[in-house]
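After this come two complexes, each holding chain A, first together with chain B and then together with chain C.
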Partner chain A sequence: VAHAGRTVGRLGEGDWDGKVSEIKKKIKSILPGTSCDLLPDTSHLPPEHSDVVIVGGGVLGLSVAYWLKKLESRRGGIRVLVVEQDYTYSQASTGLSVGGICQQFSLPENIQLSLFSASFLRNINEYLAVTSAPPLDLRFNPSGYLLLASEKDAAAMESNVKVQKQEGAKVCLMSPDQLRNKFPWINTEGVALASYGMENEGWFDPWCLLQGLRQKVESMGVFFCQGEVTRFVSSSQRMLTTDDEMVILKRIHEVHVKMDHSLEYQPVECAIVINAAGAWSAQIAALAGIGKGPPGTLQGTKLPVEPRKRYVYVWHCPQGPGLETPLVADTSGAYFRREGLGSNYLGGRSPTEEEEPDPANLEVDHDFFQEKVWPHLALRVPAFETLKVQTAWAGYYDYNTFDQNGVVGPHPLVVNMYFATGFSGHGLQQAPGVGRAVAEMILEGSFQTIDLSPFLFNRFYLGEKTQENNIM
Partner chain B sequence: MAAPWLSLRLVAPMWNGTRGIHRLGGAVVPEGNQKKERTILQFLTNHFYDVEALRGYLLQREMSKVHMKNRFRDKEWIRPDKYGHFSPEFWNFREVPIEAVDASDCEINYEGLDNLLLLKELQSLSLQRCPHVDDWCLSRLYPLADSLQELSLAGCPHVSERGLACLHHLQNLRRLDISDLPAVSNPGLTQILVEEMLPNCKVVGVDWAEGLKLGPEEQPQDTASPVLA
Partner chain C sequence: MLKMVFSTIMLLPMTWFSKNNMIWINLTTHGLIISLIPLLFFNQTNSNLINCSAHLSSDPLTTPLLMLTAWLLPLMIMASQYHLHNESPSRKKLYLSMMIFLQISLIMTFMATELILFYILFETTLIPTLIIITRWGIQAERLNAGTYFLFYTLTGSLPLLIMLLYIYNDLGSLNIMFLTLTAQKLTSTWSHNLLWLACMMAFMVKMPLYGLHLWLPKAHVEAPIAGSMVLAAVLLKLGGYGMMRLTPILDPLTEYMAYPFLMLSLWGMIMTSSICLRQTDLKSLIAYSSVSHMALVIVASLIQTPWSFTGAIILMIAHGLTSSMLFCLANSNYERTHSRIMMLSRGLQTLLPLMAFWWFMANLTNLALPPTINLMGELLVVTTSFSWSHITIMFTGLNMLITALYSLHMYITTQRGPLTHHITNIKPSFTRENMLMFMHLSPIILLSLNPSIIMGLTP
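Up next, the complex of A and B:
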């Protein structure tokens, strides 16, 4: 018993000492002269309130943030928070993109978006100037796009070019003879018609645009947070339509942002949520309850955006096409362009539906190049029969399985979730225009400059496709 | 009042003697009588208003003599008068096509090129040292492809090899000057690629300009008169 008492006594003493030292520390921290450590450090967490929460920090999300801050009527009037799950952007589509911009689309809205983006990139140092930073060098190559069409696509290409010229794009049609004249390294077998963009088309460095947007947007007062959105807390309201049907409208009140490698999360109270999550947009939409309902109804219409893996290969060909080479898109879907001054080229090909690779990871399939890309390239450009692949990478398209065009604007039922996603491979080149459109929708209530009503969510329920014919 | 001041000025430099005059001349080692005469003249000009006025008058006389001789194909140059206006007889030349434009050191930009692209018979264009001409501007030059034979982009700070790639539309180009482009990453390789791209064109670029920095007044007058085929 004496033993037990002594051990208990000793344990009690040790505990008491620890407690005393803790109390001493607390008193010391309250007194002036040292840093106050009473409250836990939350500098890695997002703020507790924000007017707009943008899910996704790629080029589309940053573009929406930029235009929201640019078009706000009062300085500091809108608080914007951008939540990005991966600061290294290792899987984000923006950084892995080939970086092309072209106006050769079939939809007038797409052409206008591209034209605006071209003027945005041309004047990028006026838009994105930050006083302490050097001017941005986008490394833009104004070499244009050359699209080749076979016999069966020639009529469609002609009508597309007519629409493009009407919208103000500088595109011209070329016959196979003119093609051989201008680009002697092309083999025009199987080509009936070609369309060549003369101005405002080419490729640039997407990282530079991303960094430029990032630093400008930070200087305008947008908050950044690295974390994953795990939950939306929303409230519903039942309303009756004019036909006396009941409709449940939802409003998102809180966004739960979870930190990396921990269970810690921060509920952010917000007024508007923007889904710019690219390849992961469908998951974010599902979190908000979009698509939870009987199929065929508006509640049951899911966001039809899914990630699709695309490969890009870089090769060296010493006798390849010269400095004037545009980005050539073949009749088979294979495309290539020059990269730098040293006879390097990069390109790839969109796989058919059967050949679609598994988007679970970004591993590169080199056999795909050998079997599905190289034969078409070698046919079109005989110089490419001898080439050596240097490197390759893979990236995601946020592919809209419905009609391969973007989704922009509010959801009809979840009234404060706006979409800016699903651009299926041309999100980078349309980001400035789309960002401005979404900002106008939020601040003014409707599209002011470019009318993107064909891109609203409603079309998935109504079954009206806004089909884009020129996809690479 | 003037006399003592003058005498003071006369005395002090005299005392400095030869060293003072040499320093005033600015030359490191004055050699030859000509240099000595010039520095003496400069020294006098700096110290006497009368000498300065006389030299100014003589310079004006020289300039008007040069202007008299400076005629283009036997016609006077049409210049703006002291109010910046052109004389009404300029309107007689409305139908005459413009063959050469010298926009060196001009602040022309992307939108400003609208004015040049309307000139359907332009044969020679000089955009030397234009600070706002960049790759985007070069991509606009293709409408001049039928007539343009001479183009100079020397010294433009924002033109890189990416913009030079869109000059391949200009198949009638016979002379292209791409010297002194600081934004071009590899001038030698770029010159080779541009020469391959435009086989009929003489590309003047970087061979002799490496290491030699020519001042603007010593650059060859290749754009003063248009080159006719």
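Up next, the complex of A and C:
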């Protein structure tokens, strides 16, 4: 009988013994008493289904998540997943930001957004209260912004201030004499006019806002996941527009989230994707197929957001300006503000197009300070001739190369991708307002409180710039 | 009777031997042909059973439910076509075999003459449903849902088995006809009270009664479309059918033993309807609405007057068709937007007007609009419960109001209002989907013209 088994095997009927042992192993694994690992453990992966997936967990992404949860009419209504590729936020623009908030913009929408943010930040403990956590201390320093204008920019500054006053910002114009009176440390050479924000302007701690949002949003039931979005699975359909043109409309229905340091990924089924990826927004948009088409068409219009590196330097100067110093933005583009109570200041300057540093890493170029920033600072504030640089860091602007203003709202062709990115350095201060606008767009279908239609994606294709003139 | 049972059994080899592109056509066509057979049982001039065999028969209580079950199989097959089209042929065939196996058990459950046969098949229906929910469901929570579903029903029905065996020992036969003739009046001792409880609990869990309904939202939400349809339309009615079969032998205990369950049902009606007002998930809303409608059926079955039984049967058929239609509509929405949330797909009337019409009709029948059979059933139940006790009209009236509220809310949120931007490119309605909705709606409308055929044991 023992021979018969081997004979059967030799007849080529397959590995009978192997099959039997496999079946035995399977039965053993199902029997109680042994660990049943028939189903792999997926607790570290994001959920398989989420109604809204927010790509990017910085202040803009969390703000959108917060307002989505706040404005939904039933609690627990929408499932939101926030995907952030780096939990330490080491390269995210939010944490590396200077943290200023001002209403001195030329565009009314920007002014309204900053005004709303100011009231949000003032009442932050009502908005972001979590029962088990202590109240937030934003360390809001309401010292205001001081923008200086030379002869040729004076007229523009006057009209800007008019718009700002119309929108409700508390800004006043100052002549060089008034400047010298109020701020004795300033050298008004080359300054024709200055605008000084008296209320709702200043700087605050961006980490605190981020952590506060993070806590609140988690308590509202938003799922968090650390991972990288590697793929969008979408379905497309050809449709005819009213002018009988053929367009291909796409709809993302699955997001592949890849885990850190592994090849594992989780396909998350979703209805809406929000691109709040900051400096990396263009990559996410390219994954969704935005910009893949002949240039000059709507399909070929890429998202014009790219990372631009900006340096921030911290220096110590004991004879420097006093405690009431606002954030001063010089005519040359250099800016500085106080940092804390110990005669420390931080500041920097936006490089010109030719001087743009390479955004591949966040290394600091100290020569830039020596050659390009210090001379202007020393000119404007003579006390700064004897400053001592203590430290410096670099962060990314999610720079909108088209018109340096944010992109908000849905994409016309990839119909369920919403943008909340490209704010070119003022994203942090406009985050609450933008988050609310995107949430309103999703839940109600249109902007309800602040109309951000000049910030829609269509303007890149139509060539209509909504230029913001007061970028630092 | 064999013409039904054997034809349905033969659907199994047809599934496995069909060519891959002919599976759906074959099964749907043959399912429709088989669904013509219960029409033969409708013409019953007296209340004797159509005694087709010693084991399987069909009486005016069974026939409408049988018709519903047989009609539902081709509808389930049509509804599953989209979400299965990416799977391998053998997995598709496995899914369809599960549905057909479920169908066989359901047909035989409704036609069983002997209560033990009924019980065995009652339990058999759990297995293919569990497999459909856990293997083809959508999310990771489906395992939890399957476990809840299985263990709630099993725990409820194990005492029933013991009681059936005891009654068999006592009476000598569990044939339904004999039971109505030879049942002795029970006395109100502890053991007889427990007997009453044990017999009824299985069906209470299945209906479901308000306190034992936890499995239903989970199972309905996590199941794939065919699973949701069969759960809502037929499996819940097994509970009602079982209660109506067993109450003749449980007289006169029902008069006072039924009080807690009646109270729970009346209260649960309002509770679950109110939960529906707060729901954001469409499938969850329809699942809770099922609990609410079934609570009315429980009230009717426990009051035990001829009108209330009639109302129960009509309500069961009407609710089966309506609930199944609502699940199909929710599924067509889900397949397009990949989200079950109501507020993320608004203003669909501008995009899909014909589907909006089906939504409208489904919501109208859900809120029991006259002259549909939904209203007939509800009206009979409300009337009989009023005559049983005047105070119940508060509960049933309030329930009708809240049902109307959430049905209209569901309709207005999904269909009316401005269109959301992110659903502008969904696929237009398929003919298959429109056909599915029509096949759900036309029996409701036709039965509204002649509801006497589903009125059950009383003419």
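The rule we apply is simple: the second predicted complex is superposed on the first by the 434 of 472 C-alpha atoms of A that agree within 3 Å, B and C clash if a C-alpha of one lies under 4 Å from a C-alpha of the other, contacts with A are read in each partner's own complex, and residues count from 1 in each chain.
As a convention for this text, a residue touches a chain if its C-beta (ideal position, glycine included) is under 8 Å from a C-beta of that chain, and two chains touch if they have at least 3 such contacts.
Predicted model, so just to flag it, every value in this text is computed and none were measured.
S.K.: Return fit or clash for chain B versus chain C, each positioned on chain A through the superposition.
M.R.: Aligned on chain A, chain B and chain C fit with no clash.
S.K.: State whether A:Lys302 touches chain B only (first), chain C only (second), both chains, or neither.
M.R.: neither
S.K.: Which holds for A:Cys270: it touches chain B only (first), chain C only (second), both, or neither?
M.R.: second
S.K.: By the touch definition at the top of the document, which applies to A:Gly445: first (chain B), second (chain C), both, or neither?
M.R.: Only chain C; A:Gly445 stays clear of chain B.
S.K.: Specify the angle subtended at the CA centre of chain A by the CA centres of chain B and chain C, expressed in degrees to the nearest 10.
M.R.: 100
S.K.: Going by the contact rule set out at the top, does A:Thr42 touch chain B (first), chain C (second), both, or neither?
M.R.: The answer is second: A:Thr42 touches chain C but not chain B.
S.K.: For chain A, which side has the bigger count of touched residues, chain B or chain C?
M.R.: Between chain B and chain C, the winner on chain A residue contacts is C.
S.K.: Counting only touches as set out at the top, which of chain B and chain C does A:His256 meet: first, second, both, neither?
M.R.: Once the two structures are laid over each other on A, A:His256 reaches no partner at all.
S.K.: May I ask you to decide whether A:Arg74 touches chain B, chain C, both, or neither, giving the answer as first, second, both or neither?
M.R.: Only chain C is touched by A:Arg74; chain B is not.
S.K.: Between chain B and chain C, report the minimum C-alpha distance in the superposition, expressed in whole angstrom.
M.R.: The answer is 36 Å, the least C-alpha separation in the overlay.
S.K.: Could you list which residues of chain A make contact with chain B in one structure and with chain C in the other?
M.R.: In the superposed arrangement, which is not itself an observed complex, chain A uses no residue for both chain B and chain C.
S.K.: Note which residues of chain A are touching chain C in the complex, please.
M.R.: Listed in rising order, the residues of chain A that touch chain C are 39, 42, 47-49, 51, 72-74, 76-79, 236-237, 239, 249-251, 253-254, 269-272, 410, 415-416, 418, 441-443, 445-446.
S.K.: Enumerate the contact residues on chain C facing chain A in the complex.
M.R.: Against chain A, the touching part of chain C is residues 138-140, 143, 278-280, 337-339, 341, 343-347, 418-427.
S.K.: Which bits of chain A are touching chain B when the two form their complex?
M.R.: Those residues of chain A that touch chain B are 122, 139-144, 198-200, 202, 322-324, 341-342.
S.K.: Applying the document's contact rule, which stretches of chain B touch chain A when the two form their complex?
M.R.: 110, 135-136, 138-140, 142, 160-166, 168-169, 185-186, 189-190, 193-194, 196-197
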